[in-house]
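The structures considered in this document are given below.
Here chain A shows up in two complexes: once beside chain B, once beside chain C.
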Partner chain A sequence: MSDRPHPPRVADIGVPSEVLSPVDLQALVPLPPPYDGIDARTIWKELSAERRTEVDASLDGVSALSLARPADGDGERRQLEALAAGLVRLLGRDDNWAFLQPLLLSLEHCTHCQTCADACPLFVGSGGNEVYRPTYRSDVVRRLLARYGPGGNPIRAALAGRVELNWTTLARLAELAYRCTLCRRCMQSCPIGVDNGLIARELRKLLSQELGIAPTDLHAKGSEQQLAVGSSTGMSPAALRDVVEFIDEETSERVGFKVSTPWDREGADVLLLHNAGEFLSWPENPGAFAVIMQQAGISWTLSSELVGYDAVNYGLWYDDAQFARVATRQAEIARRLKVRKVVIGECGHAHKALAVVADRILGPDAVPRESFAPFLAAIVGSGALRLDPARNDFPVTLHDPCNLARGLGIVEAPRRVLRAVAPRFREMTPHGVDNYCCGGGSGFAIMSPNNFAAWRTLVAGRMKFRQVLEAFADEPGPDVPKYLCAPCSNCKGQFRELLRAYGAWERSRLTYGGLVELVVNAMTDVRPGYLEWEPH
Partner chain B sequence: MNLVALWCYLTLAAFAAGCVLKALRYAAAPMHLRWELYPLPAGSGGFGGSYFEEVDWWLRPQRRSRLAELRVIAAEVFTLETVRAHNRPLWLPSLAFHWGLYLLFALGAALLGAGVLRAAGAPVTAVLDGGVLLSAWGAAGLGLATLGALGLLARRTLEPRLRRASAPADFVHLVLLLAVFAASWGSWLGADRHYAGAAAFAAALASFSRAPGMSAWTAAQVVLLGLFLAYLPWSHMAHFFTKYFTWHSVRWDDLPADRRHAASVRRTLMLPAGWSAPHVRRGGGRTWGDVVGGGEGEKR
Partner chain C sequence: MPQFTHGDVTIEVDEHGFMAEPTAWNDEVARALATAEGVTEMTEEHWKIVRYLRDYWVQFGIAPMVRKLCKETGLPLKQVYELFPSGPANGACKVAGLPKPTGCV
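Let's look at the complex of A and B:
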């Protein structure tokens, strides 16, 4: 990475300018042929001059939050006072008991050695844009805390470094909270254990819980909608049952026998919890789950209660209140259904939310939560399904969703399945707990205001896309169909955009999908061709 | 007791108190939600060291190994493994710096320990009274620490990316340490090469007896070192002991919820939630329990 002409310093965040550190399309990490010839400008979307007057994009020319400058000085002052109050709450034992200890540890011990910098796919993928450096955002927060946080004073502020608390700082810092996918690869490389991902997450929390600033797709259309109508997709229980009935019919037709999804069966062994986006965007995934459950003789059910049919919990990424509300409702539904366990479908963040982060809120008596991965590996390993791996005679690689691999340590289980059903499976480099984020993590995959989707495709997903192409470097052309296995709804959403933007179907015959689809495609009692090779 | 000795007592007490207070601050923090990061050392599962790799994981015995944790931490402390793996240009200066500090702190602890033992009437080897061995020990520690600190300062000053990402405190720490090392070299070269004076001073400190006279270099060394020690727990350099919390209590804390956690959560749900955004306050609740229970979400 070459140095840019005038890279911004941390203190520059509060210095008004048109754009502090624009995305440099020439500096992006190069892609292998034939993708090296793609002009990034054909994917990039510049904000119009008019839009720039409406929303703040002065960090990097991108707007994830559509943040508008308050109409007058009073409005600005109120927001700045709220930010200062939020900084105090962030370090309060009452207000932030949930993450106080890890947050303090990460705020107080960074030595700025920059060991984390090259671990960050955004920083590296962007060609070293200074504001994407994992410590940049954290240092703005540290400097503000040293001056305005509890115990803040001029000596601490001088040692931490200067930063001005003005509306420019607030707007850029708010955007900066959404230039990190919370993949936590930086923490993995930190010799001290500092977690810049957590600091970004806590900053998002401050903005949401104190200033009411959050991406519309995560909050208003996301967790609020989920709590109000049952799902972040907007699907009501009645609509869901219609959709699943349709999926059952389609699946039955595809596999050649009757498949039916059980609803609200009290005392079932398994409550299956899907990301509801699957029902609408990738119906072959819940369809494949239904086939496997049925053919393996599993006692299972879906729930049609509000929140009980959507595994997502966007609060994980930005808001403790929303997080706890969703998680406790999901757990309560499982308890009422008297199921033995909840199996979380192919949705990475739902795993992290319900199995890990909510664990101590739900307590030891809650219904246990299990990942689909070991569940599926056990079914495949038991011989309950008759499988012919030759049906999957095409190159397959696996994207390890961050929340599954780094978040739950699930690395081997999906590979046990792939070894049984995909004879031409190959690894990406790096993989497992060292994987790169798809670029859609922490909600990015569902956020597309202004030009954010173009940024996500070009910058956030750059390293992953390169890695996927390299995994198939021995068979790069369109003559060989290739399958990118991504067992996570948000990751699939990101791959859909990436493959589309770069024309990967036309150039490489590259498609993507989940893990269960590969299993069903290999089942001998299923009509051949469950996977449909077509551009998504 | 002279002023230098008094300074020593005060700064050593400040160092100890600082470490204890800071450790207590973290240890007494409310129970946090799980935020572990894989892989964990050992664990019960496969590649990622996770019990989540297993079906019905809650029915299986959980295997944890303090020994495996210690192995990882030892590699971090003695070889700076993650710096070696992810930041090779900084590894050698950082390794020299840390090993130099280990040797110097070990030397200081040995001299003080000898003083304490002697004051208690226990026999102490004459090697710790000063001599060639101590001289070599001190020179090795000082040499490595000085070279390392100079290397780190050079990189931080000359490497534009590192310079931009540095805080003023990062330079202050290195300069303060280099000042300590400079005074220590002055003492080693000009006054107390065999650490006989240092040993006598440590013995006097340990027995609360009158400290012997010392050179200006040695006095400067003691004063600067005391200043550094008193400041150390309140700087990011406190990672030498807070690493226990960052790694053991956060990164590797995969304990499933138990009765103790449940009791803690019950208490925290009674805590006031002061956040101001309307969706948090929905329903008028004042405690975290109210916040979690209140909120049907707004229909769009």
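Let's look at the complex of A and C:
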């Protein structure tokens, strides 16, 4: 396995060294043939010596945040003071309106039984890298809280165990907040429900709100851009109209009848809210939604208002204030349109954000929000669409997006749809609420600074990729095309990278896509061949 | 911010090689950036793609959908990859001086 002398202890996080616990490419969980022959070094990216002097990669040799040490001692002291003050606010009833109770319970009641470690795809997939152990990060936070949190003092700190608050600790802990996809499989496995994923998320919040530390792709180019331009993709309302007009044309050609997307229709039954990345990168997904809505006779609309056409809410992953700004705008647009409900498209985190967490701020009169999955299952179950499952005569498996399955308990609905349209559907092991994260969760799929993308592909996505291959073990070769159904934009972005990095189209004829595409591909009204079997 | 230099052209780029100041783009910059993409000579077809991407970005502030690029230029995706080996997003958009795409794309 590893030639590490001993795994790092919690206190070692504050002891300066070049790299505390490097990624060990030899230790990664093995993949089945022919993927076992792929040398991980061909996917890995080592940070250059020069880059290491610019950004802190002393946790594991990876940098998600491009953190640079402040130029002078004053700047450094201010950051450390902000972290200490933030620890107090994190546990303050007035400052933490979102998750205080589950956070306190998780901080106070862990018994270190380590059931969670075996459940964590990062820890297991990495071959047991100690700093990825779910309790490692949480214990650093606990120790800092014992010294600097509410009621913290040297005696409590001595009892909790030592962690020095210095730049090394801060930089490594900040990176460590981004070595967890917030998939919460640890919480699912914990006998008492301790949520290490939540602790990681609250740590991200502290860093963002108190220290201004957040990944560029999530904050400056993410939620900030969404609030300013309308979408984290940079797509303005004018661009959106151009894009969807094109999608309507393309979809009409493909299905053989006219499909048109209604805009800003006041009083429609349904406001459909897509992740805007779908329009640009997976247009067949919003196209398929439009076909289903139209053919099922649903009264629906899209919004062309800023933020009203992008379901994403990256604040869910790192910042409560940004979260609230986006969620209230989305809810306000739905209210003004006087729709009966919002249906959230195939975007996992948007489900948790708008359908669940937003309840904390929206109040009881907000427009109801529903997942596409039960919505679609009801349409399919009603017989409103004429379906011929034989059109989907190829092996299909389902990736349960964590936010749908574990987050909201939406397990059966997508399966009801698949049983109606995919005769060769097979489950992954495990699945449902026990699924593995794709490895791109919590925004990882769109973060690519330094060598983070290589880490995400090799380490974070390892368990999932193995699981996908195993689901098709009876027909592994390239002679049989296979479909990995992943109804979540973030997961699709991660699968695109995984399949490309491992050459899974060439080796296994494995491609990926959403759920609605399979439904439309089975519709007898539609010209055969909605799915295009091309690597993408 | 890293710099990219080729011949007389020196521009600032992000860590993935996309222009930091997309408005500073011109034909000479495009030819210089193309060398980093393994494109030694900008043919008429290269320019057709680059001009379309550039015009779309100026009008809408984003890169066009790949499918739309192919349809409007009449060049199939396979050929786009032949012309720009890193593909439409990482290759052609870079040469056209577009910033790196953002969001869940």
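Operating definition for what follows: the second predicted complex is superposed on the first by the 532 of 536 C-alpha atoms of A that agree within 3 Å, B and C clash if a C-alpha of one lies under 4 Å from a C-alpha of the other, contacts with A are read in each partner's own complex, and residues count from 1 in each chain.
One rule holds in what follows: a residue touches a chain if its C-beta (ideal position, glycine included) is under 8 Å from a C-beta of that chain, and two chains touch if they have at least 3 such contacts.
This one's a predicted model, so the numbers in the text were calculated from it and none came from an experiment.
Colleague: Evaluate whether chain B and chain C can sit on chain A together after superposition, giving fit or clash.
Modeller: fit
Colleague: Quick check for you: in the superposed arrangement, does A:24 touch first (chain B), second (chain C), both or neither?
Modeller: neither
Colleague: Check the residue A:332 against both partner chains and state whether it touches chain B (first), chain C (second), both, or neither.
Modeller: Touch status of A:332: no partner.
Colleague: Which partner does A:190 contact after superposing on A: first (chain B), second (chain C), both, neither?
Modeller: A:190 contacts chain B only, not chain C.
Colleague: Check whether A:283 is in contact with chain B, with chain C, with both or with neither, and answer first, second, both or neither.
Modeller: second
Colleague: Once the shared chain is lined up, is A:493 touching chain B (first), chain C (second), both, or neither of them?
Modeller: second
Colleague: Considering only the touch criterion stated at the top, classify A:475 as touching first (chain B), second (chain C), both, or neither.
Modeller: neither
Colleague: Once the two complexes are overlaid, how big is the angle at chain A between chain B and chain C (Cα centres, nearest 10°)?
Modeller: Roughly 160 degrees separate the directions to chain B and chain C.
Colleague: So in the superposed three-chain picture, is A:236 touching just chain B, just chain C, both, or none of them (first/second/both/neither)?
Modeller: second
Colleague: So which one touches more of the residues on chain A, chain B or chain C?
Modeller: Partner touching more chain A residues in the overlay: B.
Colleague: Using the touch definition from the top, say if A:388 reaches chain B (first), chain C (second), both or neither.
Modeller: neither
Colleague: Once the structures are superposed on A, label A:221 by its partner contacts, choosing first (chain B), second (chain C), both or neither.
Modeller: A:221 sits against chain B and chain C alike.
Colleague: Report the closest approach of chain B and chain C over their C-alpha atoms in the superposed model, as a whole number of Å.
Modeller: The answer is 11 Å, the least C-alpha separation in the overlay.
Colleague: Which residues would you name on chain A as touching chain B in one complex and chain C in the other?
Modeller: 221, 225-226, 229, 234
Colleague: Touching chain C in the complex: which residues of chain A?
Modeller: 217, 221-222, 225-226, 229, 231-236, 238-239, 242-243, 246, 250, 275-281, 283, 310, 312, 347, 445-446, 448-450, 489-490, 493
Colleague: List the residues on chain C that touch chain A in their complex, please.
Modeller: The touching residues are 15-16, 60-63, 65, 67-68, 101-105.
Colleague: Inside the complex, what are the residues of chain B that reach chain A?
Modeller: 25-26, 29-40, 43, 45-50, 52-58, 76, 80-83, 85-87, 90, 94, 160-162, 164-170, 172, 236-239, 242-243, 245-247, 249-251, 254, 256-259, 261-262, 264-265, 268, 271-280, 288, 291-293, 295-300
Colleague: Considering only the defined contacts, which chain A positions touch chain B in the complex?
Modeller: Where chain A meets chain B, its residues are 3, 7, 9-10, 82, 85-86, 89, 92-95, 97-102, 104-106, 108-119, 128, 130, 133, 135-136, 139, 142-143, 158-161, 184, 187-195, 198, 208-212, 219-221, 223-229, 234, 319, 321-322, 324-325, 328, 341, 355-366, 368, 370-371, 373-375, 377-378, 405-413, 432-433.
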